[in-house]
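A quick write-up on the structure given underneath.
Naming follows writing order (A, B, C and D), and every chain is counted from residue 1.
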Amino acid sequence: MLKAGIIGVTGYTGMELVRILHNHPEVEITYASSLEDIGLRIGKAIPHLDKGDDLVISAFDISDAVREAEFFFVCLPHGKSMEIVGPLRDKGAKVVDMSADFRLTDPSVYERWYGPHTRKDLIEEAVYGMPELHRDRIRDAELVANPGCYPTSVILALAPLLAMDGIDNQDIVIDSKSGISGAGRGPAPGFHFPEAFGNFSAYSIAGRHRHISEMEQELSTLAGGEITLTFSPHLLPLNRGILSTIYVRPTKIESDGSLYSIYRDFYREEPFIRISDPEGPLPSLKDIRGTNEVFIGFRSDKRSRRITIVSCLDNLVKGASGQAVQNMNIMVGFPERTALDLTALHP
Amino acid sequence: MLKAGIIGVTGYTGMELVRILHNHPEVEITYASSLEDIGLRIGKAIPHLDKGDDLVISAFDISDAVREAEFFFVCLPHGKSMEIVGPLRDKGAKVVDMSADFRLTDPSVYERWYGPHTRKDLIEEAVYGMPELHRDRIRDAELVANPGCYPTSVILALAPLLAMDGIDNQDIVIDSKSGISGAGRGPAPGFHFPEAFGNFSAYSIAGRHRHISEMEQELSTLAGGEITLTFSPHLLPLNRGILSTIYVRPTKIESDGSLYSIYRDFYREEPFIRISDPEGPLPSLKDIRGTNEVFIGFRSDKRSRRITIVSCLDNLVKGASGQAVQNMNIMVGFPERTALDLTALHP
Amino acid sequence: MLKAGIIGVTGYTGMELVRILHNHPEVEITYASSLEDIGLRIGKAIPHLDKGDDLVISAFDISDAVREAEFFFVCLPHGKSMEIVGPLRDKGAKVVDMSADFRLTDPSVYERWYGPHTRKDLIEEAVYGMPELHRDRIRDAELVANPGCYPTSVILALAPLLAMDGIDNQDIVIDSKSGISGAGRGPAPGFHFPEAFGNFSAYSIAGRHRHISEMEQELSTLAGGEITLTFSPHLLPLNRGILSTIYVRPTKIESDGSLYSIYRDFYREEPFIRISDPEGPLPSLKDIRGTNEVFIGFRSDKRSRRITIVSCLDNLVKGASGQAVQNMNIMVGFPERTALDLTALHP
Amino acid sequence: MLKAGIIGVTGYTGMELVRILHNHPEVEITYASSLEDIGLRIGKAIPHLDKGDDLVISAFDISDAVREAEFFFVCLPHGKSMEIVGPLRDKGAKVVDMSADFRLTDPSVYERWYGPHTRKDLIEEAVYGMPELHRDRIRDAELVANPGCYPTSVILALAPLLAMDGIDNQDIVIDSKSGISGAGRGPAPGFHFPEAFGNFSAYSIAGRHRHISEMEQELSTLAGGEITLTFSPHLLPLNRGILSTIYVRPTKIESDGSLYSIYRDFYREEPFIRISDPEGPLPSLKDIRGTNEVFIGFRSDKRSRRITIVSCLDNLVKGASGQAVQNMNIMVGFPERTALDLTALHP
C-alpha cells in the first residue's frame, strides 16, 4: 500500500485527487495539508468527499510529511510549489508537482513568464508528465511536472501532425475554452456567480497566457524546430471541461479519412486518448466529464485549406489530478489505468 | 458473473445503469434493448458511455432477452413497463422495474392515478424496493418495484419521525425541487434549453402529482394510519439532484440534538444514508451529485413550532438507477455496496 | 428634471437603478457615490451601463451630495445605511432607503434581528414602501423604507387572503427560492461560480432569516392579529428572480375560481400585479425577468385542504430598484409607471 | 403611426420584435401570424409578453395581412420566407426579411448553400440590411434582407481592417460561439436542457455552415477581392449572445493604439458600435445582453504576428430583431435609435 500525501488538499485539484484515489486499491492517503481547515477531518471540511475517512488536515510540516507519506502530490500555485517540492525532494520523496514550476526545461523561459525560480537545481531531474509523449522517462522519474490543463488539450491534439511534419509549423491558431473550475477555488470578482453566469469572455489573448511557454516547448520538440503559437483562452460558464479548437494548414494530408488513420496509429496503445470517427459527431464536453480521457476530432476544409481539430478533456482529471494519478501509477509501477477507469457523468 | 439485461437503455435511467454497472465486478450487461439506435453499439449511440464494449442495442424480443440475460432492469414509462415485466416474469427472470407499475399495492389506487393495469396478478409478488424499509422482503423478491425519485427523498426523510409517532400526521408540507434530467430524455417545449435556462417553476402542485400515491402508501404504513400530504414539485435549471424541504409539527421532539440522535439511531446501519450534523451546513445538491446517498439535515424552529427537514439525493442514482443496483445486489446476494461506493463529482 | 443621487452605485441595486432611470424622462442622475471605483465614469467602472454618460463616481460627502442632488436612493447594507440616511434627512433631502434600517416600526424588533439602531428618531417618519398597501402614506413621505425582496414576494401574495380573513393565520408555510444576485456583488465562497453552478441549497431556515421580522410586521397588520411564519429561503443557481411557494389553510374559500376573483378584485387597479388565470400555466421566473411585476398564481387542494400560492418577481426590480423608482414616482408626483413599463427579457 | 405586421410571431425573433416594438412610439403591431397558437392573444400564448394588448395571433392570409398592416417583418426559415415575402412585395408592402432568402446577391450561390430559390426576381431589389455598411441603400429600399447573427458579429469586426487593406485577406480564422436561442424555439435532442446544460461543442466546422456565404460576399466586397474564410461555430450553454474571436495577419498595423484609432474613426458616427479601449477589459456577453450593440475589442500579438479581435452582440437583438427595427427606422424615416436605446440586463 503506497502512502500518499496531498499538499494543498482543499483546492480543486487536491479535492479531485481525493476523489480519484478513493478508488485506488494500492494507495492510501496518509497525509494532507492545507493553509485552511487545519485540524478538521477532510470529510468535515469538504462535505462532498465525506466517505467517513479519519484523515485530518494538517498545517504543512516537512518532518511530519515525510514521516507519514512516501509519495506526494503538490497542489500549490507556481512559486509556492517549489518551496515545498524542494524540501520533499531533498528528503528523497517522490513528487508529482501540479504547478508550472518544473515544467519548463529552460530556467530563463520560466523566469520570463513566471518570475524567479529558487530551485533550479531540480529542473534537470524533472520530467514533463505527459505519458503519451514521455512514458519511459516518467517511469524512472522521481519528480514529475504535471502538465497544465490547456497544454494537455493542445499538445496531444497536435502531436500526431507535428511528429509526421504534416502541417505548417508557423501557422497554428488555438482557440481554447475552459470551465471556471480551472480558475481555482478562491472567490474573485470575475468568478462571482452573478458575474459569470450566462456570460462568456476571452482573457489573456494575444500572447499573454503563461501556458504558451509550455505548449511551445513541447510542440517545438515534436516538430524539431521552433514554433510560435497564437493562443486565446476563454471562460465558459460551466464547471468542468476544456475544449480547444485548433486551426492548422496541412502540407500533406488529403482527407478526414487519412487524418483518422494518422491519429489512430499514433495513439494506438494509449488508454486515455479517444479519436472521434469522422462520420460521427464531434467530441463535446459532456462526453468526457469526470474522466481521464482526451477526446479528439477533426474536419478538413478544402475551401480554406485548413484542418480544424477539436480536443476535449476534463480540466480537473486529464487536465490535472487524473493525469497526476496516471503519472504516479507509471512512476510506482502500478497498472496505468488503476483508479482511472472512470465513466463520464452525463447528464 | 450475473448476466444482466437493460430494457430501455437509451433513456437516462438506462444510461445511468450502464455507467454504474461498468464498475460492478460480478455483473455483465449481456442484453440491451431500445426503440431507437437499434443495431448500434451502446458506445456509438451514447458517446459518453463508450468504453469500447461490443454490446449492440436490440429491438426487444422476449426470447432473445431471456436467452441472453437472467436479471433485468426495465426502464420504461408506466403502462409500457408492465407489458415487458409481465413476460419477463412469466419466463422466470428476476426484474427490477423502474416504473410506477408495481409500486402501489392497491390496484384501484394505481388505476386512479395512472390508468388501467393489465398485470394485476403480479402486484402481490412485487416488493417496494426501498432497502432501508424493506430489505428483508427484497432479499427474497423476484420482482422489485424501484421507488420514484421524489418519494425516495421524502419517505426516507420522514420515516424516523413517523416510526416514532413524533409528528402530527395530518400536517405535512413537502416542497420538492428537481433537476431536469428527471423529466427524461425526450425533448419537449418546457425542457428546451432556452426555455429552462435561468428559469424556475412549480408544476403539478396541489395534489396533482402521481408520486403522491406512492408517498402516502409508504408513509401511512410507517405511521400506522392514513396520511394525506401537501406536495409541490418544482423544476430546477440544472441536471442532477432533488432537494426536498419538508415541514412538520413535532409532538415530542425538543431540540436539533435530539432530532440528530433519532435519525442517527434509525439509520445506524445504513450504507447510503448520511445525516447532517446540526452544527454544520445543511445538505446541498453538490454534496451528493453522482452518488447513491440520501443526505438529510434539519432544524427545529421554536417560534413557529415546526421542524424543517432538508433531504438531498441524485435523482438518477439513489432516485433511480443506483437504488436499482442496490436492490439487485440484495436480491442476488452481492454485498450491498458493490459498484455503489461512488464519490460526488464536484465542482 | 429631478436631480437624483445614488449612494452605493456599484452594487447590484445601485447598478439596476442606473439601468431603470436611464429611461426616466423626468429624472437625471446627478450624484453617484461608492467606496470603490472613485473617480471613474460609471460607464467605465460598469461596462454594461456605458451609455456614454459623463457622471463620475464620488466618495460620499454630505455637502457634495445635497448640493448636487435633491432625491436620494441609498443602496447600502443595514447598519451602514442609517449613517447616510440620517444626514440626508437632516439636510431635508427625500430618501428611498433600500436597506432594512427603517422598515420595522418597532425599534426593539429591529435591534433583536439586526443590531443597534442609531437613528431611532427617523423611524416614525419612515413609510414602508409597498405601494399596493401604503400608497397614500408614500405620497406624503419624505423617507421611504423600500421593502426586502423576499417580503415583497410574500406579503403581496398573502395580502388578499389575510385582508378578508380567509385563512388560518397560524398555519402559514413559506418556501422561497432566490437567484444569487440577491446576495450582492461581493465575492464569497458560497457564491463562487464553481460552488454555486448546478447546486441548490437551503439556508437560514427555521426562523433564522431576518426578513421574517418584516413579513410578520406587515402580515400581522393586514390580519389584525399576530402572525408567526415558517420561512425557508433557498439559493437558486441563476441570477434574477424569486419564486415563493406559500402554503395556507383556507377557512372560507371553495375553488380556484373564487380565489381568482379575490385576487383580481384586490389588485384591480394595480399596475404591477399580475394574477395568473387558474386555467393557464403557473407563473415562472422567465415571465417577469427584468420587469417590475409580481406574478401570482394558486391552486387549491381539496385532498389536503390547503391552498398553494406561487409568487414570482425579479429581485432586483420589483424586489429592489424597480419598487424604489415606483416609490420615487409616487413621492414626487410622477405617473407611477414612468420608466417601469418594462418587458421581460426572455429567452 | 406605422402599422406593422409580424409573420412568425411565436418564434424567438418574432417574440423579440414584440418586446422591442412595445417601446416604439411610432409603431403599432396590427397583425401577427403564426402556425401555432392561432386565435390566442399574444400575451396568452407568450406569457412574458403579456402587457395586456389585445392583438390575436392569425393564420397567415395575404389579404388580411396587407389590409391590417403596411410594413412587415418576416420571421420564417429560409425557403419558407420567400413564399411569404413574394406576395407581400407583390402587394407593395415594405418588408424586412429575417431569413437568408434575399441576403445573397448571386442566386447560384444561394442555391449552392440553401437550395432552390423561387423568387429570384426580388433578389435585385433586396438590400443587405447592415446599416453601418449600406445605410443609404436601406433608406430607399422596400425589401431589406436582415443579416445573419454570426455574419453581423464577424463583418462589423473585420470591416475597418479590410476597408483599409490592412490585413492578409487569405488568412482569416473565425471562431464563433453562440447562445442556444440562436437555434430557434423548436425542441430538438441537442437543445434538450439536460443535454446542453454544462456542455460545449463545435458544429458545422470546416466550411459547412451556411453563414459563410453571406460573410464571404460582404467581406469580399469590402476587400475588393475574393475572400475565403475558415469559420467554426460553437454552441454555448446560455441563452443570449455571440462572441466571435477572429484571427488576422496585419500588413500595416503597428499597435493596439493604432487599431483603436482605426476602429474609432471607421465607426465614429455609428450609434450601435462600441469599441473597447485597449487598456480596459475585453468585451464580454454580459456587457451587451438585451441591447442592439456590437462591442468590439482587439489585441495585437507581436510574437505570432497576428491580431486577435473579439466581437460581441446579442444574437436576438443586433443579431436579429433589433437590427430589423433599426432597418425599419431607416426605411421609414424614424430616428434610427428609436426603441433601440436599450440598456444591458446584467446580472
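Here is the rule we use: a contact is a pair of C-beta atoms (placed from the backbone, for glycine too) under 8 Å apart; a residue touches a chain by one contact, two chains touch by 3 or more.
All of these numbers come straight from a predicted model, not from anything done at the bench.
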Set of chains adjacent to chain B and to chain C: A, D
Furthest chain, CA centroid comparison against chain B: D
Between chain B and chain A, distance of the C-alpha-averaged centres to the nearest whole Å: 36
Approximate Å spacing (C-alpha centroids) for the pair chain A, chain D: 39
Cα-centroid distance, chain B relative to chain D, in whole angstrom: 46
Of all residues in chain D, the ones touching two or more other chains: 12, 181, 194-195, 197-198, 237-240, 283-284, 286, 289, 347
Chain B-touching residues of chain D, taken from the complex the two chains share: 12, 179-181, 183, 185-189, 191-198, 237-239
Residues of chain D defined as touching chain C within the complex: 12, 15, 18-19, 22-23, 44, 47-51, 181, 197-198, 239-240, 274, 280-281, 283-284, 286-290, 316, 341, 343-347
Complex contact set, residues of chain B against chain C: 171, 173, 175, 177, 194-195, 197-203, 205-208, 228-230, 232, 234, 236-241, 243, 245, 247, 282-286, 289, 299-304, 306-308, 310, 347
